[in-house]
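Look for chain A in each of the two complexes below; its partner is chain B in the first and chain C in the second.
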Partner chain A sequence: MTAVSEARSTGRLLLIAGVIKDMASRPSGLIGMSLVAFHVLIAILSPWIVPYDYKAVSVELMFNPPSGNHIFGTDHLGRDVFTRTLMGGREALVVTGFATPLAVIWGGFIGILLGLVGGRIDEVLMRIVDAFLSLPWILKMLVLIVTFGTGLEVLIPTLAFFYGIPVIRIARAATLDVVARDFISSARARGHSRLAIVRRELLPNVLDVMLVEGAMRWSWMLLAFSSLSFLGFGVSPPTPDWGLMIADARGYMAFAPWFVLAPIIALSSLIIGINLAADALAKALGIDRSQKAPQ
Partner chain B sequence: MIKMILRRLALGAITVCIVSGIIFAGVEILPGDACTAFLERNAQGVALANCRSELGLDRSATERYLEWAGNALVGDLGISAGSSRSIAEMVGDRLNNSLLLALGALILGVPTAIFLGCLTGLRRDRPIDLVFSTSAIFAMTIPEFVSATIMILIFSIWLGWVPGIVLTPAQAPSIEFFPEVILPMVVLALVMTAHILRLVRSSVIEVMAGDYVQMATLKGVPYWQIVFRHALPNALLPAINVVALTIAWLLGGVVVIEVVFNYPGLGRMMIDAISDRDLPIVQAIALIVATVYVGVNLFADVLSLILNPRLRTMYARKS
Partner chain C sequence: MDGKQLFEIRDLSIGFTGNAGQTLPVLRNVDFTVSGGETVGIVGESGSGKSTLALAAMGYLKHGLRVLGGSAKFKGRNTFEMTTRELEDIRGGEMAMIPQNSGQSLTPTMRVGKQLREALRLHTDLPESSYQDRMVELLTQVRLPEPENILKRFPHELSGGQQQRVAISMALAGEAEALLLDEPTTGLDVTTQAHILELLRDLASETGTAMVYVSHDLGAIARVSDRVVVMYAGEVVLEGNARNVLLSPTHPYARGLLSSIPSLKDSRLPAALEGRPPAPGAAGNGCSFVDRCAIAQPECMSVRPDLIQTPEGESVRCPFYAKVPDLAATEQTVEMARADGSATDAIRLDRLSIDYAKKSFLDQLLRRNNGSVPTVEEITLRIEKGETVGLVGESGSGKSTILKSIAGLLEPSSGKIQLGEQEPLAELVDKRPMTHRRQIQLIFQNPDESLNPRHTVEEIIAQPLRLYFNCSAEELRKRSIDLLERVRLSSHYLTRLPSQLSGGEKQRVAIARAFAAEPELILCDEVTSALDVSVQAAVLNLLNQLKRERGTTYIFVSHDLAVVRCLSDRVAVLYQGRLCELGESASVYSLPSHPYTEVLLGAVLEPDPEAVPEILADDVVELSPPERGCPFQRRCPRKVGSICDTETPPWQVGAGSHAIRCHIPLEELYQCQNGGKSADR
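Let's look at the complex of A and B:
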């Protein structure tokens, strides 16, 4: 038993290593993965490597252009923009890092179940999913956030809940697609039990789709999170956050462009990195997402 | 065929009904109501009870839902809790402004997207394809508020070509929003173009690799005739649905852009209403946006059914 499970887990590790190698073999995949790894590393290490205190306010240092001491200049309160840019992704990565897997797991679970069960329940629940999708995301989220506050304990479940709903659709479609294939009917003909078919034939195939979906969800969630921060419904000051920094800096763009450009470059490079990595992951797993419209 | 269209219509109507239920229930579940928001700290005892009976909030939820949904059906969206004005009237101006913005973005974006999508699809992996496809990835992945901020920085602050902020009041006639509305239109068109371009491109590539295109080539049909007579009509069909999604997005989801440019559209009204806890307005806007979403998608579905003979027969056989 242990030997078998060990062999299976080393097999799985080899598989993961193979996928990562495939992703890295494409230039866009390599760039994407490096950008994501870079940002995650910075987010973890930034409290120890930043040169200044992120909330140290100073009147003399207001709107200093980039210089040797402050390489990205200073902001409207005299805080070091470089420090705040390095730390500005932490909150976003923590929230989306928890909310993305949660969304994919709950949406995927319900979707696979609906795909397998079908019938009346499926019909009714899919109508409800459609109904939820027809409401703008920002409205659904803002109503909850305005009511319950903007802490992590609100943002994570809110994002996970609403971003899991479209996952239901994808997981259901993937399940229906796999169930109709030949290897499922041949497993059935071999006399395997339902559970065994689901576990060994269905899940591995649907899981690939879910992984790619999760990667895409991550970038959309990051987008949603920073948009919320930008609108003033996300991270509360003085915690550094890119969306919030861009919102603050917009008013001073005309004479302090460094203040707005630093968080813009940081946020954009992370989102583009995730997208490139997700694209490479889809190609490495042999899933074509080019036809799907965003949701 | 007609049966199928009717079926779609029925499904759409059911979805709108469910949405109205979700909107109503969602607002109902939230702690507090229009009266506690309006009275704030004075919300207790007689004042609260009076306010509630005045607004009819003391009746059962089902009763209020039926009244609300029934009134909405005939165009009466209720009264704003904050300003005691008719919501239909307040929403009217904003909807007009949102339509202006959406229309401008569509006129700019859709033809550009289809043209560039075909061009990049037909010239796959050539320099022109790489340039436009890569720019499209950038345009669709970067958050809207970031691209909007960059555009304001370049075109309105550095170059000074167009104003970067809208100062015209919400009730002004559409023509007065020029030239302020140009930059938001361009930003929306840019994001939209990127999405449609990518889809048209992959669709063109797929169609051009099809058997019938190869057949036509072997028969000696001139290249441009193949492209215009055989490939493009098929390749552009999937674009209908994406354009529909885009229209729905333009009319409901451009909150961030409206805030960035201070544009008085539906999106900003929604944000303000949520911040002020003016729930009747939130409900009304949610219902309008959801209905537009369902309606536009329905229209696109029916249109592609009519235009695509294969889809038509496939569904006919199924049902």
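Let's look at the complex of A and C:
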């Protein structure tokens, strides 16, 4: 039995609590959620807890290895790496935090619609989606960013747009899956309106898939955002950002490894955390079919 | 029987770890032996552990299961102590397995010949040059026509029965000493099933192979087994020779199970076995069957009974087995509620035809007919109020298609459907007025599919109530509880989700949902075929009682002729979307019959080791009906001649309203079908 069924039997309000409880009961969920919560907390609180000013440059402190004063050492401009690592996820989390729900909403909407409408429109649009997906994402992104600039007001819609396209496929597939089932036929035979069928019978079954998909997309988007920063299209210096820090530190990897390691560890731990949490979420919602109990 | 023990399972317990970390047993202290040349049937309902036992005999455990104690030996070697390599050597060679759905177990991208060749290479020492001969020999052994041709085909080019035969031939390739068959005929049509079972019987006697036959179907078990093991809640509750177990069962569960099977010979409803088996780990200290047992004694609650040897040589896990034969007198089977003959029509189908074949784009453009024959052709049927009409036929006979088009889910290509004296129904449900929608309700085969997994029982039942009746929240609740009570479920089920219900309970909820609309006509599409036999009897009884209370009209579709008999006033037999025979149940199930009905009835298996099915026709699957003549012309055992190929046979009306569509005169049919056999059908 999944968490959903347990929670739903006692009332709608407990649904979320039930899912989170189920996720926390799995090792992957507990580790994943802790990592994500830790990162979000740091991102919010970092301006008040960092020991130094993130943009304080100092010639004397260049490339200092980790020490009591600077536990992650200092960078090529003598800035405190610990401070910058703590603050380096803020932009990324804000951008992806807005872009992910946007991507899931628009992609999901179009996908469900195509799954329901079917026919020629569906076929034509899906071929366009396929064609779009076959192009390397970075190329498409760069074209847009070069055209419109790199501010948050451009990055959020751009990421939301690009990451919404694969969501179309997932939402459409999930819709087709549910539409073929007998409870939809049953509702149709009873004579419910189309809107009622979509709202009551279809959406509850598709939304779970979308939720998990959203969580997975979030981690992909974080990577994409960091890659853009790495290439110099994301955050502009001196704002601390992991992608940018990795780009800066790349040249000094041989003699100042702390400089490159700190942002890498921070970024990967967040992405691993999201992936583990998404995995546990899928299992808690009963989407992962390979994990059925024996019998 | 050479008496040498092949499988020897002693005191085996298998279980898994539950969510709370507790150990939940699936098999409990099972002893099971199979000697060379013997066929043993393992029978039980879903969740009884029968497949787990069969797989354990092969040294295989499903994911998450582990051995809690005991041993499983194959030819003296403990299979759970063997290495993977050693097991691989044995499997497919000394022992082989034939799974339920062989269509899925054959590799879809490899020709049959290549797959068989692989089996030979792995499990025999034959030289490569003799493979071809051996493959032909194997396919001939499983009675496949034109073996050379079959070798060149891909699995999807074979019918379900042919695929199952290929799977059997692969199992035979290694000259296995033991074959494990896990529900090998479930999901096949009755005639195909009868053919496969005859084949297995013949193979067992020809090759002397031991067989372990796992099934929920007592009829199939009766046909092939020497010895039968009855499983319940992970335990062996009864073991003995097939005759004794099936004809005079000594365990109360086996007895209940057998009496819950509807019989062709009996028009009464079978007695339901109420309750459900305990979930793994839920069985108390006492007997696992105690909650459902009619002869339970106080000590049954606290003491787990041991297997007792009876004087007849059976082992039974019930100390009061001597009382079981007396149970027969106390049990009651219910007489079916019959229509009162008020003679007003509930529904009329007038020359209804349905065409599944989609016209190609080009055909549409040129507005031409692509020459396809309709899937369902010119069905004319009048059903009285309160009557139950059974539609029977093999898969592909168009039974469900007809229901869907009555429900307005499928557009007929021609013909009319009329509800009572009203105007003809609009073809699709969207165009029908709300009153028409309410009057027709559909119950589906599999409640897992037809109930939204995200809705509680309350929400499920509220859907039709909200849609058709303007109920207040209070009334909604009252009516939901009332409906649940009518399907014998208590009000605390309202907050449950489908995943928290058993199969039978789910189907009851689906029935309650259909009745919530207070319909005139209920369409039942194979409503019991996804359920266990004991649950099936309960659902049939429920439908019967509701019919008695409400006077509802049913159209009851099933492939199971015995199920149709016990619930229907009239029966319509369909072949390839065409009606073959129509009449009162009693007359359809007696003589004379349409040759197709004769074939179907002959292939039905009864849970009686002495009943021999009559196999009258091939189990060839026809993909489309012939363009002219009788639809059954290609398989008919009584084909008269070219007239069958060219002319559509006329309806011949016999006694009552019993009509048969055949070129052979009724008297002649009666004579040739009566010849050499008793008329006790």
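Note that the second predicted complex is superposed on the first by the 277 of 295 C-alpha atoms of A that agree within 3 Å, B and C clash if a C-alpha of one lies under 4 Å from a C-alpha of the other, contacts with A are read in each partner's own complex, and residues count from 1 in each chain.
In this text, a contact is a pair of C-beta atoms (placed from the backbone, for glycine too) under 8 Å apart; a residue touches a chain by one contact, two chains touch by 3 or more.
Since the model is a prediction, treat every value here as computed from it, not as a measurement.
Visitor: Looking at A:Leu77 after the superposition, I want to know if it touches chain B, chain C, both of them or none. Which is it: first, second, both, neither?
Guide: Touch partners of A:Leu77: none, neither chain B nor chain C.
Visitor: After the superposition on A, what does A:Val143 contact: first (chain B), second (chain C), both or neither?
Guide: first
Visitor: Now for A:Ser185: first (chain B), second (chain C), both, or neither, which partner does it touch?
Guide: In the superposed model, A:Ser185 contacts chain C only, not chain B.
Visitor: Return first, second, both or neither, reflecting whether A:Leu285 touches chain B, chain C, both chains, or no partner chain.
Guide: In the superposed model, A:Leu285 contacts neither chain B nor chain C.
Visitor: I'd like to know which partner A:Asn205 touches here: chain B for first, chain C for second, both or neither.
Guide: second
Visitor: Counting touched residues of chain A, say whether chain B or chain C comes out ahead.
Guide: Looking at chain B versus chain C, the one contacting more residues of chain A is B.
Visitor: Given the touch rule stated above, what does A:Leu231 touch, chain B (first), chain C (second), both, or neither?
Guide: Touch partner of A:Leu231: chain B, not chain C.
Visitor: Tell me the contact category for A:Arg250 with respect to chain B and chain C: first, second, both or neither.
Guide: first
Visitor: Please write out, lowest number first, the residues of chain A touched by both chain B and chain C across the two complexes.
Guide: 293-294
Visitor: Per the contact definition, I'd like the list of chain A residues that touch chain B in the complex.
Guide: Those in contact with chain B are residues 127-128, 130-132, 134-140, 142-143, 146-147, 219, 223, 226-227, 230-231, 243, 246-247, 250, 253-254, 257, 260, 264, 267-268, 271-272, 275-276, 290-291, 293-294.
Visitor: In their complex, what parts of chain B are in touch with chain A?
Guide: Where chain B meets chain A, its residues are 11, 14-15, 18-19, 21-23, 26-27, 30-32, 137-138, 140-146, 149-150, 152-153, 157, 195, 198-199, 202-203, 238, 241-242, 245, 248, 252-253, 255-256, 259-260, 267, 270-271, 274-275, 277, 282, 285-286, 289-290, 293-294.
Visitor: Any idea which chain C residues touch chain A in the complex?
Guide: 16, 26, 47, 52, 62-65, 280, 407-409, 429-430, 432, 434, 437-438, 440-442, 444-446, 449-456, 463-464, 467, 495-497, 499-500, 513, 517
Visitor: Which of the residues in chain A come into contact with chain C in the complex?
Guide: 1-2, 4-5, 8-10, 181-183, 185-192, 200-201, 204-205, 293-295
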